[in-house]
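A, B, C and D are the chain letters, set down in written order, and residue numbers restart from 1 in every chain.
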Amino acid sequence: MASNSLGNLFKIISFGESHGSGIGVVIDGLPANIEIDLEQIQKKLDERKPGSSDIVSPRKETDQFEILSGLYEGKSTGSPLSIWIPNTDQKPQDYDKLKNVFRPSHADFTYLKKYGIRDHRGGGRSSARITAGWVAAGAIAEQLLKNSGIEVISYVSQIYTHKIPDNLSIEQLRESKNPLRCPHADTAMSIQQSIEQAIKDKDSLGGIVSTQILNCPIGLGEPVFEKFQAKIGQAIFSLNAVKGLQFGGGFEMSTKKGSEVNDEWQTVDSQFKTKTNFSGGLQGGISNGMPIIFDVAFKPVSTIGKPQQTLDTAGNTITLTASGRHDPCVVPRAVPIVSALTWLVLADLWLMGNIKPN
Amino acid sequence: MASNSLGNLFKIISFGESHGSGIGVVIDGLPANIEIDLEQIQKKLDERKPGSSDIVSPRKETDQFEILSGLYEGKSTGSPLSIWIPNTDQKPQDYDKLKNVFRPSHADFTYLKKYGIRDHRGGGRSSARITAGWVAAGAIAEQLLKNSGIEVISYVSQIYTHKIPDNLSIEQLRESKNPLRCPHADTAMSIQQSIEQAIKDKDSLGGIVSTQILNCPIGLGEPVFEKFQAKIGQAIFSLNAVKGLQFGGGFEMSTKKGSEVNDEWQTVDSQFKTKTNFSGGLQGGISNGMPIIFDVAFKPVSTIGKPQQTLDTAGNTITLTASGRHDPCVVPRAVPIVSALTWLVLADLWLMGNIKPN
Amino acid sequence: MASNSLGNLFKIISFGESHGSGIGVVIDGLPANIEIDLEQIQKKLDERKPGSSDIVSPRKETDQFEILSGLYEGKSTGSPLSIWIPNTDQKPQDYDKLKNVFRPSHADFTYLKKYGIRDHRGGGRSSARITAGWVAAGAIAEQLLKNSGIEVISYVSQIYTHKIPDNLSIEQLRESKNPLRCPHADTAMSIQQSIEQAIKDKDSLGGIVSTQILNCPIGLGEPVFEKFQAKIGQAIFSLNAVKGLQFGGGFEMSTKKGSEVNDEWQTVDSQFKTKTNFSGGLQGGISNGMPIIFDVAFKPVSTIGKPQQTLDTAGNTITLTASGRHDPCVVPRAVPIVSALTWLVLADLWLMGNIKPN
Amino acid sequence: MASNSLGNLFKIISFGESHGSGIGVVIDGLPANIEIDLEQIQKKLDERKPGSSDIVSPRKETDQFEILSGLYEGKSTGSPLSIWIPNTDQKPQDYDKLKNVFRPSHADFTYLKKYGIRDHRGGGRSSARITAGWVAAGAIAEQLLKNSGIEVISYVSQIYTHKIPDNLSIEQLRESKNPLRCPHADTAMSIQQSIEQAIKDKDSLGGIVSTQILNCPIGLGEPVFEKFQAKIGQAIFSLNAVKGLQFGGGFEMSTKKGSEVNDEWQTVDSQFKTKTNFSGGLQGGISNGMPIIFDVAFKPVSTIGKPQQTLDTAGNTITLTASGRHDPCVVPRAVPIVSALTWLVLADLWLMGNIKPN
């Protein structure tokens, strides 16, 4: 209960459902006098929204938002800034036949058992549609940190078995502007083919979104239970379909010796830098000035057109063939969401790190 | 700031440093009338404590605890239960030569830069020694849930390149009682040899701790930002040396198709069960009654005896050869800590899930 | 910052401004399956809204609300229930001449100095108009507790120098249905005359709202910093114009001896009752089953038509004669707000008190 | 549950019981590099402790504290600073005969009913002894704000029917150093006589502690639910025996017209000042630079030597004649506690107000 807010100082409260009247978010803790660029918010929402290409859900949401409060003459006032994104293309009747069905790997069963009631229309509150609010809030977090120099680069590093090479430059990672948000053209082409095949097969594909945070100042992250990675951990695992998260050298480091993956310090232009970055920019939960690096693993979308055997609420075995509108691969659309969550964590840690008592 | 508490309803506040007078924890939110088994707490602390075998740190802490408050005639009173574990074998002088050194992959640099002051003795607050308090609190969380039927099984599933087979039974996993906490004898033997070699090489090894939560009632986990996995994510990434976390099918699922990893529902003895458990017991952030499964990747301990080049606080390059007392492989000792954090999350979600308004 | 939420388990987040597009509230923590009576919410809003009689502000707000989320087939779903109350009769131009004025005893000066920016239109976020959201949320809190037997009676016990007698019965207090919400006819008549005189004088009047909570179950309130009175204290002092709060015997008890005001226990029909109730139903911060009694003192409305000397933002002395629309006496309209805040605290404590771990 | 912490950024966690092993407090959120003056902490504890004169409880607690964590070379480290005050003069046997008694106006009944278990020894957790921890933490809050210029003056303004004159100067208020903490000699003498009479009568007396916060910078307080007065409200009503709280003109303002109590702005030495200060230094929940003024009403101590009729836990009527050690009038000893709570709120608001995002 009372579990729909994220952050301490830069706090968002998320509300709304997939097929209700819309999706909302309140930002409580936005400092005053921040210029808000509305077009920039819309641009981020457009990156997330469905219907933008032939490989994503055909649901046509314009995702045009309104600012309900907290803005005065283009600037934040210190009061809660709230955003409302009306649902315009909901088709709840698409879901009528799902009213009594427990879809495989969806939250149907758990929501019904937990709450004794379920808004089955499009997943209700468990729908990824609610992340529209997070993306809008993340855009504002980014604007708060506009002058910080921090840059967040999120991109598709893998879909299905297609993985980008390890040696791409920051410039290449930054230029993941294609619909697949994949920075490597050859890999993107293979992914495109696999997605097209998955559409034909009425199947779906998983993948990985990777993130680099550049120019993060030294000192962000609050030991011990608000460590940088702990806050990313909470935020990222709040996102549907995420099954794994790793920082820096990640799972691979579990197979290594300390002498292989310790990050020795050196000076570069009189700056303290580590020679390697297996730590992923974080030590003791605090940013050390090196790029903060993490990878987020997504399972394939659970909604598939292939027939599946499952149960209805009465316990009868049924064969389910999804219609509705859904993505064969949600990973490219997850890129702006991972990025937004990262900005939200950054803004919260930024404010925590900028308390100047004297 | 104010980042040393974990949980909402079953809340712990952690305090103390490695080489100060001791380690403490306050539990705020323990319901009244819970019988507290002090021996059981000690047993858990003994599992975590150093000095227990030749492959762990020779620091000899008895880790004998005192209950400072909250206990009356053997039962909790509803008031904060606090525990104090005095440090008895600290040797801060071991660390004198580290006062001005930034050890590779330690929190020395980040703590000093963030706070402008650093208790360098044994890592101070960034030391894993503070987890003694977490383990004691976790033991109490477990006692709170004694009648819930929930069982938490944590074990070493991999150290260095040695990985247990996938097909071990629950009975085998449960019997990870050797000092390595590894449920598979052959793998344990290989690990033992690698650790002995690492000691000779003055090196360290990483590994993975896996956990299964059995008999978790359906409905634990609070959407959206207090999802079961989000809370595990926050708790686990608060633990030193953790570089990765995955649930159920984990990272592997990013390479799969939906049709391969969707968990279809069936009835087994009139119970709703999924045929497979790639979801790891969690859907929409809520437990579905299947085993909750996750893996935690640990990097090798950063303190190694091998000479390393690094910097002192003045920016001079120095060669560091660690003496002090430390573990060649912290992964077996991490098992009771991962288990304790799991119990802490469970207790918090249990209380949240057991609010009965009518 | 992040200071716009109240409550832990039954948590409300307030947003919106007086002369923005509307007023909103999110309830995070409403249990699922609560039937929501929309008419009842409207009725409560109507009790608070301006324009309802000739002694209150002539601003004509219909205060018709929309449920934005969290309701499905007439019941709560366990997801955030959010409410939006559009502003329809805002006349920001009324406030143009106040843009650079610091009105006496208003928040103009403090908001501008704190935030460096101020939405001067109708007080912006500092306006009592934002309490419309609290009243709507309070109506839902009341519905959550519908079967609890708890009754909240708030009424005007004093305006200006006119005070109701001490010996009114519960039945009389309950029947404060006149526009003045004053349970005593003679006192109400005197108040009415004084208010009419104040209107003529372009002045305003203060007063006291008293509250009795009946049938509150024993055991609500969480020691030590979430004591019943501490939570009422936080909630009530969040309300504009409140200058004092007292429980039970209140300030008068400071002039007494213990033997005069101690509440001795006796049994009445085998129930434990206190002979007197100077404690106001609370001992150790916990409800004891007796009526919970408190009084809230309101200063006179700061906006008056009489000329006042004050400063503009440049520091020039100016003479201010308020036009705008405002109440000569806000105390009757404060009754449903005090009542709503009481229900919000009750709902939060109710959920906290109904965690059943076993 | 989880109700033993106060504050968001400067957060204290209180633990311990009257007749357990001691009283503790953890400060989570103390910034690093604050010099901690241990003698100053002891001095504040000495002001609160019993046994200091013939008009207070004869319990002889030395209240000598230990710092358990968070201090390094005399300075805070940014880690939790925790303090432990052992109980040394507890005489739990004094309370044996109270084990099954519900003392009038004590928390005996409510604690037992709420928790089903009660540490009856000296009131356990409901004892005012736990405020020793608050006073220690308050002393540290004060040291954090040492350079802020803020001054907190708390004093006894009334005991029983003896009230100090209204026209005392700040200098006089500041000099309330007698055991009665009363700034006016004649009033103090009358109070002394009444207390001596109360001792003879085996009775107790109530009173009022007043506070002025001087030089508080403009802008402290966070609308809307963390208003300055809302936070003071929560903190002060967490203190035993408090029955009332008022700010500035207080309850008296409820009998006034706006034209009588509005605070008009003027410039004094080019500073914005109000001509009067009925607002008590707070407007819209934010400090306006004028003295912040509030009064706290205490009921008489509930423990009296006079025989009282009450019930035991079985519902039998008994006659209770208190022995044990207790104060005839707790109000003078409440002065350092009110002051400490004020500093705790100030420190929290200070940190909130000093987040500098750019």
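For this structure, a couple of remarks:
Basically, a contact is a pair of C-beta atoms (placed from the backbone, for glycine too) under 8 Å apart; a residue touches a chain by one contact, two chains touch by 3 or more.
Just so you know, these numbers come straight off a predicted model, no measurement behind them.
Fewest steps needed to get from chain B to chain D, stepping only to touching chains, is 1.
Seen from the Cα centre of chain D, the chain whose own Cα centre is farthest off is A. Annotation: 26 Å between the Cα-based centres of chain C and chain D.
Look at where the CA atoms of chain A average out and do the same for chain C: the two points lie 39 Å apart.
We define each chain's centre as the mean of its Cα atoms; on that basis chain A and chain D are separated by 46 Å. Residue positions of chain C with contacts to 2 or more other chains are 1-5, 8-9, 14, 31, 79, 114, 125, 223, 351, 355. Those residues of chain B that touch chain C in the shared complex are 8-9, 31, 34, 79, 144, 147, 223, 350-351, 354-358. Touching chain C in their complex are the following residues of chain D: 1-6, 8, 14, 102, 104-111, 113-114, 125-126, 130, 158-161, 198, 201, 203-208, 218-219, 221-227, 229-238, 240, 242-251, 253-267, 270, 272, 274, 278-280, 282-288, 297-304, 306, 308-311, 315, 317, 352-353, 355. Those residues of chain D that touch chain B in the complex are listed here as 1-5, 7-11, 13-17, 20-22, 24, 26, 28-29, 31-33, 66, 68-70, 72-73, 75-80, 82, 84, 114-119, 124-125, 351.
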